[in-house]
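As C-alpha cells, here come the structures.
One chain, chain A, appears in both complexes that follow, with chain B as partner in the first and chain C in the second.
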Partner chain A sequence: MSDFLYKKNKKFYFLLVIPALVIYCVALVGPLLIGTFPSSLYNWNLIKGNKKFIGLENFIKLFHDEQFIHALLFTILLAFVSIILSNVVAFVIAFALDSNIRGKGVIRSFFFIPNIISGVMVSFVWMFIFTNAIPNIGEKLHLDSLAQISWFGNTNMAMLAVIIVTTWQSTGFLMMLYVAGLQTLPKDVIEAARLDGCTGLNKIFRIQLPLLMPTVTINLFVSIAGAFKAFDIPLALTGGGPSNSTQTLALNIYTDAFGAFRTGYASAKSVVLFIIVAIVAIIQLSMTRKREVQM
Partner chain B sequence: MKKKIISTFLAGVMALSLIGCGSSSGKEESTAEAGGNKVTVKMVAWQSGAAEIFKEGAEEFNKRQDKINFEVEMQTGDYAQYLGSKVASDDLPDMFFLNPYSQVQQFADNGRILDLSDQDFNSKIYESVKDAYTVDGKAYAYPLCVQMLGVFYNLDLFKQAGITEIPKTYDEMKAVCEKLKANNITPFAAEYKETWTLNHLFSMLQGTAVGDQKEWTDEMNAGKGSFKNDNSVQAFRFMDLVKENSGSNYMDADSTSGFNAFASGKAAMILSGEWSLLNANSVNPDLNVGVFGTPSSDNPEDAKLDVDVGICVAVNKNSKHLDETLEVLKYLSDNTDKKGWMHYTADSVGGTLPAMEYEAQIDKQYFKDYQSYMNSGNTKQWVYLRLASGSGDLIGPEIQGYFTGNSDMETTLKNMDTKYKDLLE
Partner chain C sequence: MRQHNKVEVKIWVKSVICLLLGIIFLFPVLLIVMNAFKPNGDILSSFLAFPKALYLDNFNQAMETMNFWIVFKNTVIVTVFTVLAAGTISFLAAYGISHLRGSISRGLYTLFVFGQIIPFHTVMISVSVLATKLHLTNSYLGLIFFNSGFFTAFGIMTYVGFLKSVPLELEEAAAIDGAGVFRTMIQIVFPLLKSTTVTMAILFFLWTWNDLLLPNILISDGALRTITVNLYMFKSATNAQWNLLIAGLVISMLPIIIIYIAGQKYITDGMTAGAIK
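And now, the complex of A and B:
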C-alpha cells in the first residue's frame, strides 16, 4: 500500500523538498563549492588582502601543524568520551524514569532543559560552579583538596571540565530517545522474561538492552557528527586554554580564520573537517539503514 | 488535492520565512532613521569596564544636537576575531577601535579606512606618538588615548606589610612578595585564564629584555629576529615569581575576577593597565592605588613604565554617513571641551588619558606616579602593538603553557619563533 502511494505521489514529494533544498544549496553547498574549496588552494590573508595560488601546499602544511594534530586528537577524545558517558548516563536516567515514579514528566523536563539552553550560557553557569561554587563548598566543609582543585589550571582538568559540561548538555536529548525506545518495547516479552525468573540486571542486559539496540545505534551516531563540530562550549568555557590544549578542530579553524586571518589555510582545515564529518555521516547513515531493514 | 495545495504552500512559506529572517535587520535600520529623523553613527569599542563612561560620553553628544545619534557598541571577548568576521562579511561599522601601529597599518594598506590627515586633531596630538597612527606620513586613525602598563599596587596593603619603598629590581620585588606573604596578603591578583593578560605581561618583560623596542620589532617583522635573547632568563624568572605569588588556583581567574580581587583588597598588586581600575569605582571607590614599572632585571634603570597609544579610532571608508561620522570624531578629539567626551573618559579613576594636552582631574597616587614617569622620560613602548596583527593570539597561549608548566622557557620561545614566522607568511 505504502509503496503504491509512494510511486503515485513521487513527483509531489519531490516538489515538497525543493524549497528546503534550494535554501540548503544557497546557504551551504554553494559557499562550500565556490568559497571554501577553491580558497583552500590559496595563500590568502584576509586583512593583508594578498591572494596567491599555491596548490595543495596548505594541505601538506597542516599535516605538520602540531596544533592542528592536537586539536584533531582532542576532538576525537572529546567525542569518544562524551558520547559514551552521555549515553550511559542517559540510559540510566531513562531506565529510572521508565518505572512508575511520581512526577515523571517534570523530572524528565528537568533533565531535558540543558539541551535547550545555548552552549554559551551553559558554559558560563558551569564556569561559576567550577571557579566559585566548588571551591566555596570545599572551604565550608574544610575539604582543602576539593577547594584547591584548579579546574582550568592544567590540561587534564580543563579537558575533564569540557567533557563534563558537554556530557551534561547532551544527556537530556539522548535520554528522551531512550525513554521513547523503552516505552515501545513489547510488554509480553518482558512479562514472559519476568515469569521465567529473569529480573534485575539480567533483565536489563539480556532482554531490554538487546531489544533497544536500534535506539542505541541511532543515539550513538546522532551524537558523533555533533561532537566533531564541538565549538561553543570549549570556546566559552576554556577559550581553548590553557595553552590551546582544549582547542577543538572547529575552534582551531575559527582562530586561524578570524584571529590570525589566515583565510586560505583555515579553509584547507575546514575541508579536512568536512571530509572527516562526511565519512562519519556516511557510515552512520548506512548503519542506521541496515537496522531499519532488520526491524 | 486540498491537502496537497496546503502542504506545497507551507513548504514555500517555510523557505520564505528563512529568507525573511536574513534581511529583517536592514529594514529596522531604515525605519529608525525615518522615525527619529536622526542619522545613527555607530562606534564599536572594547574595554567592557568602560561601557558606562562611553555611554555617558555619547549621551552628552546626543543631548547637544538633534541630527546625529551617536552609539557606542561594546565588544567583549577577542576583538581581533570580531574584526576578522566583520571584514569577511564586509560589514564594518562607521567607526571602530583599532590597535595602533601594525593593525592601523594593515587596515590602511588594504584600503578599508579613511585618510584623516586633513582633520583638526592632527596638530594637537603629541609628536612622540605619531608612529602609532600614521602610515607613509598620512594619518589613518585618531589616537584616542595613551595608556600605561605596569604593576598597580595597593598603598594601604603595602603599608600594612611595612613596605616603604617601591621595588626597582628583581631582588627587591622578591623581597616585597615575601613581606606581603608574611603578613598573609596575596601579592598578585591572578587573571591568567584569559590569554591577552599574559600577552600584556610578556610584552612588558620583553620590552625590557630587548632594550631598543623599535629596533627589535622591526627586525621581527622583517622575519629576522627571535623572541629569545640573553635577557630572556630574567623575563622568565619574573614570570616564575608572579606565578608563585598569585595565590592558589591562579589559572582559574579571568580578568574580571582579577580586577575585582585587586579592587576589593584581596591582593596587593596586579600586572595590568589603568583599565583594571575601572571596576574599582563600583567595588571600592576609596582604593588607594599607585603604579610602578615592572622590575624584572637587576638594573634599577630598567624599571620603566610602559606607556603607549592604547587605542586608535578608525573611520570606515565606506560608511554611509561619513560627514556625520567625522562630526562625532571632532567631538571625541576636542580637548577644550571641559564637559565633553574627555571629561567622561579621562577624569575618573581608570579613565584613559587623551594623546594630547589635557588636564585630567584624577586624585589618585597612580596618576601622580604616571606623571612623574612621564616627566622624567622613564617610559618604554609596548612591543606587542608593533608586532604583526594576530601575534597576541599566539603569544598569549604559549605563555599560558609556561604558566601551567606544560612547557619550559626554551620550548616556549622556540614555539613562539616558529609560529610568528608562520604568521608573517
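And now, the complex of A and C:
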C-alpha cells in the first residue's frame, strides 16, 4: 500500500521541495559558493570596480593584519568571558528558580526579557546606564573614580562594557535551558540522594550537575557559536571603538565591506569566520546527536 | 502545624529574594521606562526619582521624529510575510523530504542542514551584490525573500524532525478514505504539528523583528526602514537628547514586550526547543 502511494505521489513530494530549494539556494548557498568563496581570491574594490585574481594573497595578508587579528582576539575574549559569566549566573538562577517558590513564571520573565529585545535596544538601555546612571551614582556617593570612568573613551572599559551587555542579554536564555534541563532530571534519583543525606551544595555538585552535563555541553556550544556572530551589541554600543578595540570578527567584516568597500579582502575574512563557525557547529551537532542516541 | 508554617515562611522568603534578584537584573530596563516620563533636565539631575507627573511630551516628539507609525507598519509587513512565507515553504519542503526515499531524500536533507552552519555575516557581501542585481534593494520583497531563504534551513530541519513522529498508517488510512495527497497533508498532518508551527513562527518573528543587519544592507530609503534599524539611526538624529532617545527606545521595545507577555509560555518553550535541536 505505502509503496503504491509512494510511486503515485513521488512527483508531488518532489514538487513540494522546489520552492524552498530555489529560495534557499539563491539566498544562501549561491551567495556562499558563487559569491563569497571565489571573491576571496580577488583583489576587488566594489567602488573602484577593479577586480584582479590574486589567489590566496588575501589570506596571507590576513595574518599580518593587526586590526583583523585584534578582532579575532577580541571575539575570542568576548566569547570566553561572556560564556563563563553568563553560564555561571544562569546556572545559579536556574537552581534558585527550580526550588519550590511562588511566582516562578513572573521572575523567569524578568531574566528573559533582555533576550527577546534586540541587541540595539539592549545596547541603548546600557548606554544610558553607563553614561548617566553610573556617573550620577558615583557623584552622589562621592566616589570620584566611579563617576569619572570613561566607558566609551577607554579601550579596556569599552571592552568591559561590551562584555557586560552581551552577558546580560544571553543569561536569561541560558537560564531557561538550564531550567528545562533540571526539569528532566529523574526525580527518584534526586529523592534517593536527599534521603541518603546528600543535600545543599553537595546535592548540586555531586548529583544534579553531573546529570545536567548534556545541557551544559549544549549551552556552551550555543553560546560559543552565538559569540562568534556577535555584531549588534558592539555596533550599537561602541561602534567598534575606541580605535577599533571592540570590533568583533563580524563587525570587522562589515566595516571593511561596507565602509571601505574592500569586497575581495572582506570576503577572505568571511571565509575564515565561516570555517570557525562551521567547526563549532559541527561539534555541536555531533554532540547533540550522540546525546540523542544515549537517551 | 507549626512545622507547616515554617516551611511556608521559608518558601515566601525564598520567593521574595528571587523576585528582588529579578528586579535588580531588569533594573536597567525599569530605569529607562521610568525616565522616559521625565523632562530632559530631570533625567540628568535625578534619574533615580520617580517622575513627578505623567510627562508625555517625550513620546509625542519621539514618535514624530522617528516616523513611528510608518516604521511600525513596515516592520509588521516584513515580519508577517516572512513568517508566512518561510513557514509555508519549510513545511512543504519538509513534508516532501520526509516522504521521499533513498539518496534524493538524504541529499536534500543534508543540503538544508548545511545551511544551519552558514553565519549570515559570511554571505552579507554577496547578498548585497546579488540584491542590487535582482533589484531587491529598497523593497519589502527583498527582505522577505532573503529572510525566508535563510530561515528555511532551520525550518526544514525542525519540521522533518517532528514529521518522523507522525505515523504513516494515519496517512494511508486517509488515502483509503479517499483523501488526496494534498488534502492529507493539509487536513491530517499539518494540524498534528501545531506546536512545531507555533515555535517556528515565534522564532522567525523575533529574528525578523530584531534584525539589524539585513535591513541595514538592503534598505537605504528612510521610508522603508524597520523598527530596529530605525532606532539605531534615531540615536544620531536625537543629538544625544536622552529624553527623546529613551522615549523612542521605550516605544520600540513596547510591541515586542506586549507580544512576549501575551505568548510567554510558547515563546520560552519555542526558543528553548529551538536551541536543543
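A few remarks follow.
As a working rule, the second predicted complex is superposed on the first by the 272 of 295 C-alpha atoms of A that agree within 3 Å, B and C clash if a C-alpha of one lies under 4 Å from a C-alpha of the other, contacts with A are read in each partner's own complex, and residues count from 1 in each chain.
One rule holds in what follows: contacts are C-beta pairs under 8 Å (C-beta built on N, C-alpha and C of every residue); 3 or more make two chains touch, one makes a residue touch a chain.
Since we're looking at a predicted model, the values are computed, not measured.
Superposition model on chain A: chain B and chain C are shown in a clashing arrangement.
When the two complexes are overlaid on their common chain A, residue A:I60 makes contact with neither chain B nor chain C. Of the two partner chains placed by superposition, only chain B is touched by A:S243; chain C is not. When both complexes are overlaid on chain A, the residue A:A257 reaches chain B and chain C alike. With both structures placed on the common chain, the touch criterion links A:L46 to chain B and to chain C. In the superposition on chain A, A:S99 makes contact with chain C only, not with chain B. By the touch criterion stated above, A:F111 is placed in contact with chain C alone, chain B being left untouched.
Once the two structures are superposed, chain B and chain C can be ranked by residues of chain A touched, with C on top.
When the two structures are aligned on the shared chain, A:F12 is found in touch with chain B and with chain C. Look at A:A192: by the touch rule set out above, it reaches neither chain B nor chain C. Touch criterion met: A:Q148 reaches chain B, while chain C stays clear of it.
Taken together, the two complexes place residues 12, 15-16, 19-20, 23, 46, 254, 257-258, 263 of chain A in contact with chain B and also with chain C. Put simply, chain A touches chain C in their complex at residues 1-2, 5-6, 8-10, 12-17, 19-21, 23-24, 26-32, 34-36, 39, 46, 93, 96-97, 99-103, 105-121, 124-126, 128-129, 132-133, 136, 168, 171, 173, 176-177, 180, 218, 222, 228-229, 231-232, 235-236, 249-250, 253-254, 257-258, 263, 266-267, 270-271, 273-274, 277-278, 281-282, 285, 288. The touching residues of chain C, when paired with chain A in their complex, are 11-12, 14-15, 17-19, 21-23, 25-26, 28-29, 31-32, 35, 43-44, 47-48, 89-90, 92-93, 95-97, 99-101, 104, 108, 111-130, 145-146, 148-150, 152-153, 156, 168, 171-172, 175, 181-182, 206, 209-213, 217, 228, 231-232, 235, 242, 245-246, 249, 252-253, 256-257, 260-261, 264, 267-268, 271-272, 275-277. Within the complex formed with chain A, the residues of chain B that make contact are 4, 7-8, 11-12, 14-15, 18-19, 78, 80-81, 83-85, 87-88, 106-107, 109-110, 193-195, 248-253, 257, 389-390, 393-394, 397-398, 400-407, 423, 425. The touching residues of chain A, counted against chain B in their complex, run 12, 15-16, 18-20, 22-23, 43, 46-49, 130-131, 135, 148-155, 239-245, 254-255, 257-263.
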